[in-house]
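Look for chain A in each of the two complexes below; its partner is chain B in the first and chain C in the second.
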Partner chain A sequence: MDPILVTQGLNLVFAVAVLAVLALGLAVVFGLLGVLNLAHGEFIMVGAYCAWATTAAGLPYVAAIPLAIAVCGGLGLTVERWLIRPLYRRPFDTLVATWGLSLLLRKAAEAAFGLSFRNVAMPLPGTVRVLGTDYPGYRLLLIAISAAIVGGLMLWYRRSRTGLRIRAMVGNPDLAQAVGIRATRLAAGTFAAGTCLAGLGGVMIAPLVPLQPLMGLDFVLRSFFALVIGGLGSAVGLFAGSAVIGGVDSLVSALLDATWGYFAVLVVAILFLWRRPGGLFAR
Partner chain B sequence: MSMGNLTPTRRRLLAGGAAAFGAAPAILSGIARAADKDFKIGIFLPLSGPAALFGPTGRACAELAADEINKAGGILGRQVRLLPTDGGTAPAEAAKSAVRLMLEEKVDMLLGSHDSAVRGAIATTVKGKVPYVYTPVYEGGECSPNIYCLGETPDQQGGPAIGWLATERKARTYYLIGNDYGWPRKTNERARRLIADQGGSVIAEEYLPLGAPNKFEEAVTRIKAARPDVVLITLVGADNVNFNRTFAGFGLDRDIARFAFLLEENTLAGIGADASRELYACMGYFADLDWPTNRQFKAAYAAKFGDKAPALSTIGVDSFTGIKFARALVEKAKGTDARACMAASEGLRFDTVTAPAIMRGRHVDKTMFLARCQGTKFEVIKTFGFVPSGTACGA
Partner chain C sequence: MRASLLLLGVVVALPFAAGDYWAYQIGLYFLYAAAATGLGLCWGGAGFLPLGQALFFGLAAYLAGFLMIRFEGWGPALLPVAVLAPALAGWAIGLAVFRRRGESGPYFSLITLALALLAYQIAINWNAVTGGFEGMKGIPGLPGLDDYTAGYYVAAAGLVTAIAIAAWLRAAPIGVLWRALAQNERRVQLLGFDTNRLKAAAFAASGLLAGIGGTLYAPQQGIVAPQLVGFELSAALVIWTAVGGRAALLGPAIGTIVVGSLGAELRDRVPGWEVLMAVFFIAVVIVLPQGLAGLAGRFPTPSRNGRRRSAIAAPARQLAGTAALTVENAEVRAGSVRILDRLSIAFDRPGIFCLIGPNGAGKTTTFNLLSGELKPAEGRVALGGRDIRTLAPHHLARAGIGRKLQIPSVFPDLGIADHLAIALWSGRTGVADLLRPRLHRWTSPMSIELQRRYPFLGDDRTAAELSHGERQILELAMAMVTEPRILLLDEPCAGLSPEETAEVIRLIRWAAGRLGNTIVIIEHDMALVRELAQSVHVLHSGSLLASGDIATIQANPAVRAVYVGAEK
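Coming up: the complex of A and B.
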């Protein structure tokens, strides 16, 4: 097969996989708690800075994973307790509150690190020969890790006891509370899980993208579109939405150029919001 | 004119009766001048927006230049006072600020380091009434009256670089990639001619939206298929970082050289050492330039602002040069009269942070440095003296 065609094909798979993992945290928090976390991109940014701090301190790259979980988890729990909890079931208020939070996190990062760019050295440099073409090894690794994270989490949600409790809480919070499920703690944990996933996404993409306080904005938009198209809050929907947004963007960018790719994404998103607001897999 | 300035005058007018009417403008301007002996320079810097990073450096550099001038007696015996204003806003906002600076603050001069859209808005507002010094890298071609452009033009960057790549690297084929707005398109228009002059050819030219969350895997794959000798980059900021990291990630840096038109210390810090192989830039200033004048400048900068001084780069240091140029111009013209300034500017020789420069056609023949990236440092490989700007405005 034509190596350029293969490369563009892999680019498409990469776009879909990375978008799915970046949108995962947003999907968990929205699907289960009904909170649209507009600061999702900023948690990705915090995760990316964790990767930077780890490598700047001379530690191995994987050390960024526990650091990002600790920082984003801690932040997530704090934010849930003092900002989100009083606002459950007030979707518009949580929207405004998390938007404010995103400004705060961005400015905090600016105060701590300045506006200047930083870079995280590629932990897995070089290219690998696949299907007759050279493709960056780290991107191939990310495709595999993204699939594992998304698949693993879905399986856990379906099979584990905690997953069962969460489903009970989502289905009927009062009844869940009555049968002894501590819904408050479960909700806090779910929110923190969402922010941790964002942080992990940040660690994963840190070596690929420009690292600076404003970077989160780039990711929240595509993640949000993926959820809109997939249908808010279902596992299949998340994958379908990422496939449509990431796929359309990558395909049109490869066939025409990036301007048309971005245009196509916006058109698809608008069409869905207009004609099919529930998404492909409405709950 | 603000109401604050008018009120006492109106009272005086009423007291003096109708007879005072004829003398009112004279009284008014007399008051304004007497109250304000400072030489006021309104300086537009990116204090907000995507280029806000450069604001603090520009401000610090301008303050340093003003300090040095004031210690040496000021401009025409008047102390220089800077009025920093946000140039990182929408053009219409900047135009409003220009009106305020002229009518309320009565600035003697304007200086700006910002994008061309803002320059256009300020230029049409000011209409040459006060000298306006425009300092950053830009696409060339600005010839409105009483505007003086000091920044690097495509000819000054591309001329030396494309010539060097053709002779030293035997580069023949070029791939052009940039953000979709005025500066990249005009720069590439000029670059195409420079490439043709060297007997080279352009394989493809592509643009990505400015301000969109761009990713570069697809474009880089296209470049991989096209196999050019050189990629000419007119992407800016985060997109420039993103493209170069993706490019190196795909291993294309092994065979293809890259020349970027807007590559300074901050962008290179984002690109990183693992993605900067065979990456070139050609600028009028690099912070690490080992020149006596630059060592002196950096010592003075460090002495004034200490360890917390904002990082230096060509965007920022341009404001220092701008203030120094302003003094040279006004001293030679013996005032800020538009015609006198325009006449005085022709052939005006003035000092910069590197070598002295000469103004011709309200643009500058200046020293350019072609550099290859070594990790996250610029290593100058060739210096070009008095490179013409390619734009010469008539009187």
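Coming up: the complex of A and C.
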């Protein structure tokens, strides 16, 4: 096989898989709680800085995972309690409030780390031979992890008792409360799960991108457009939406440049709003 | 009015009190304040939040800079182009995004944010025109206005113009409709207004005001940098607007001038100033949604009936008598469930029809079909022989189909006078009319008679302050003031006391006689049906089971079987 084609193909699969995992946390919180967390990208940024802190302290890269979960989970619970919970009945205001939160996290990161770019060393430097081409092992690992996280979470949501409780809460919060499901705690857990997923995503991509407090903005936009295109509520939709956004962006960026890639993503998102407002796989 | 004059005095006197340089610094925030005032029109007025408002400000600034450099001498005369360009862009973007399902939640906000980021990318990459990272430099000043004091007064004039435009729009019918659709968009559609266009107009207006600020910025500063279209200014505009008070006319401007110039002073002196501002912003959102202006008083204030000086007769509605509304073989499915199953039904003469049937028979679905909110998968819906399947709800409302929803859906924060005014504008106004404040003084014989029957309709209360019964009467009154050829009423007596029910029945009977039109009522209470209906249609499982006068229906064995539940 043509080695360039293999590399480009794997790059595309990689872009889609990573976007799917980055969008997953946003999908969980938006789909289940109806809260569009505009600070989602900033939780990815926080996760990435956790990875930076771990390597800076000389610890093995894997240690970044519990650190990111602890930091993003703790932040998520706090934010849910003091920011989201008072506003559940005012969806428009949650949008504004999480937007304020994104600003806060960004400015806090700016105060702590400054605006300069930082890099995280690649934890898995080697390459693997795939179909006659050398491809970075870390990227292959990420493709596998992304698929496992998305698939595992969906399976857990469909099969587990907690998943059942969450579905009950989403379907009818008052009734769920009446039959003894603690909806408040469950909602808090769901929100924190979303921010933890964002943090994990941040750890995963940290060695691949320059770290900067403003980095989250781009991720939240791409994730949201992927959700809009794929439709909420299924792993297939998540991957399909990520494929459309990731694919259009990579393709147009390769053919023209990154600005045009960005423009193409926007045009596609608006076209989808006209033609398929529920997404490719509407629930 | 007095407050505005006082503020104007402060603005004029500032350079004498604070010194030229300081005034010049504040003048810069006047320009941003013009943009924030526009943001307030969208967010506090029409209820949607653009997150990338710097796009308009920067677009105008770059255009103004380009025109001033490229057309030396002619430049100032061409500046109106730079002011109007963002308004046009806002209109186009608004139509494109709102077009589909009137989406004004997160989708709109994120598209506008993405557009601002895109504009930033273009600004830093298109070196030949924008000057890239360094910005567009060497923009000549406005001739004869290049000292600090003159610059300040130019900025002040720009802001005063922007606020005057905003004040006009808020007072005009379009401003009332913006506030109405922010509270209940569906209701505004059912009254015959294209809400997507109204929202696009709000976005265009915000572009115009940002355009004023941006256009004056370029010659005043002499340089336009990419930051002007980017994320940071967009974010700052939202904060300033929220802190000042998004729904008040002067709130966004005051927020911008106070917080903005404070920030410029303190950003470098107080460590963590910006973190502090973010925390403050979140606190405002949760505790004080109306911002600092909310501390000063309740916003927005409803129009007062008493303010109408002399009444003006509204033009008569140009609708020719009655028209038959017919449904033939309509199918509506939700997933695998058939909600309407080859339904054929006709309302083809004046008088009161009742639509009855057990729960789930498809009564409200039929209404949704008739008012254009639902399209049949198969079959035909026609008004006066004309196929109306492709028409949007606001078109059908203009064609004379009025509707009252099951739950009283009025606009809680609007005054009673505003409600009646909106109903009067329905079907009687063109686009340009919505900019004329004198339309507040419209009355029609119908509205005068209704106010005579129900004196509370002349009160200065908001709809939120009315009792349930009064709200039902208000909504019925609105429906009647639109003088529809066909009036659809979904359970008009639900939740009313016996006295209130009797009153509503009297009102419906009166309206039927007065308008000579067709009235279709969904009703569960057989006693009411007996009292009101000249003709009854019974729905069951999505199709028509029986029609006729009440005696025929009550004698019909199939109907009895359905109502006793003895079928199957």
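FYI, the second predicted complex is superposed on the first by the 267 of 283 C-alpha atoms of A that agree within 3 Å, B and C clash if a C-alpha of one lies under 4 Å from a C-alpha of the other, contacts with A are read in each partner's own complex, and residues count from 1 in each chain.
Convention: a contact is a pair of C-beta atoms (placed from the backbone, for glycine too) under 8 Å apart; a residue touches a chain by one contact, two chains touch by 3 or more.
Source: prediction; values computed, not measured.
Q: With the two structures overlaid on chain A, would chain B and chain C clash, or do they fit side by side?
A: Aligned on chain A, chain C clashes with chain B.
Q: Return first, second, both or neither, reflecting whether A:P91 touches chain B, chain C, both chains, or no partner chain.
A: The second partner, chain C, only.
Q: Report for A:L273: first if it touches chain B alone, second if chain C alone, otherwise both or neither.
A: A:L273 contacts chain C only, not chain B.
Q: State whether A:L101 touches chain B only (first), chain C only (second), both chains, or neither.
A: second
Q: Quick one: is A:T259 in contact with chain B, with chain C, with both, or with neither? Answer first, second, both or neither.
A: both
Q: Let me test your reading of the model: by the given contact rule, A:L221 touches which partner, first (chain B), second (chain C), both or neither?
A: both
Q: Does the superposition put A:Q212 against chain B (first), chain C (second), both, or neither?
A: Only chain B is touched by A:Q212; chain C is not.
Q: Figure out whether A:I229 sits in contact with chain B (first) or chain C (second), or with both, or with neither.
A: neither
Q: For A:L36, select first, second, both or neither according to whether it touches chain B, chain C, the two together, or no partner.
A: second
Q: After superposing on chain A, which stretch of chain C overlaps chain B: 37-45, 91-99, 217-225 or 379-387?
A: 217-225
Q: Could you list which residues of chain A make contact with chain B in one structure and with chain C in the other?
A: Of chain A, residues 214, 217-218, 221, 257-259, 262 contact chain B in one complex and chain C in the other.
Q: Can you list the chain A residues touching chain C in their complex?
A: It comes out as residues 36, 38, 83, 86-87, 91-93, 95-97, 99-101, 103-104, 107-108, 110-111, 214, 217-218, 221, 224-225, 228, 257-259, 262-263, 265-266, 269-270, 273-274, 277.
Q: For chain B, which residues count as touching chain A in their complex?
A: Where chain B meets chain A, its residues are 50, 52-53, 180, 206-209, 212-219, 221-222, 224-225, 237-238, 241-242, 245-246, 249-251, 266-267, 269-275, 311, 376.
Q: What part of chain C is in contact with chain A in the complex they form?
A: 47, 49, 51, 96-97, 99-101, 103, 105-107, 109-111, 113-115, 117-118, 121-122, 125, 231, 235, 238-239, 242, 271-272, 274-275, 277-279, 281-282, 285-286, 289
Q: Taking the touch rule as given, give the residues of chain A at its contact with chain B in the complex, in rising order.
A: 4, 7-8, 11, 14-15, 114-122, 125-127, 134-136, 138-139, 207-212, 214-215, 217-219, 221-222, 249-250, 253-254, 257-259, 261-262
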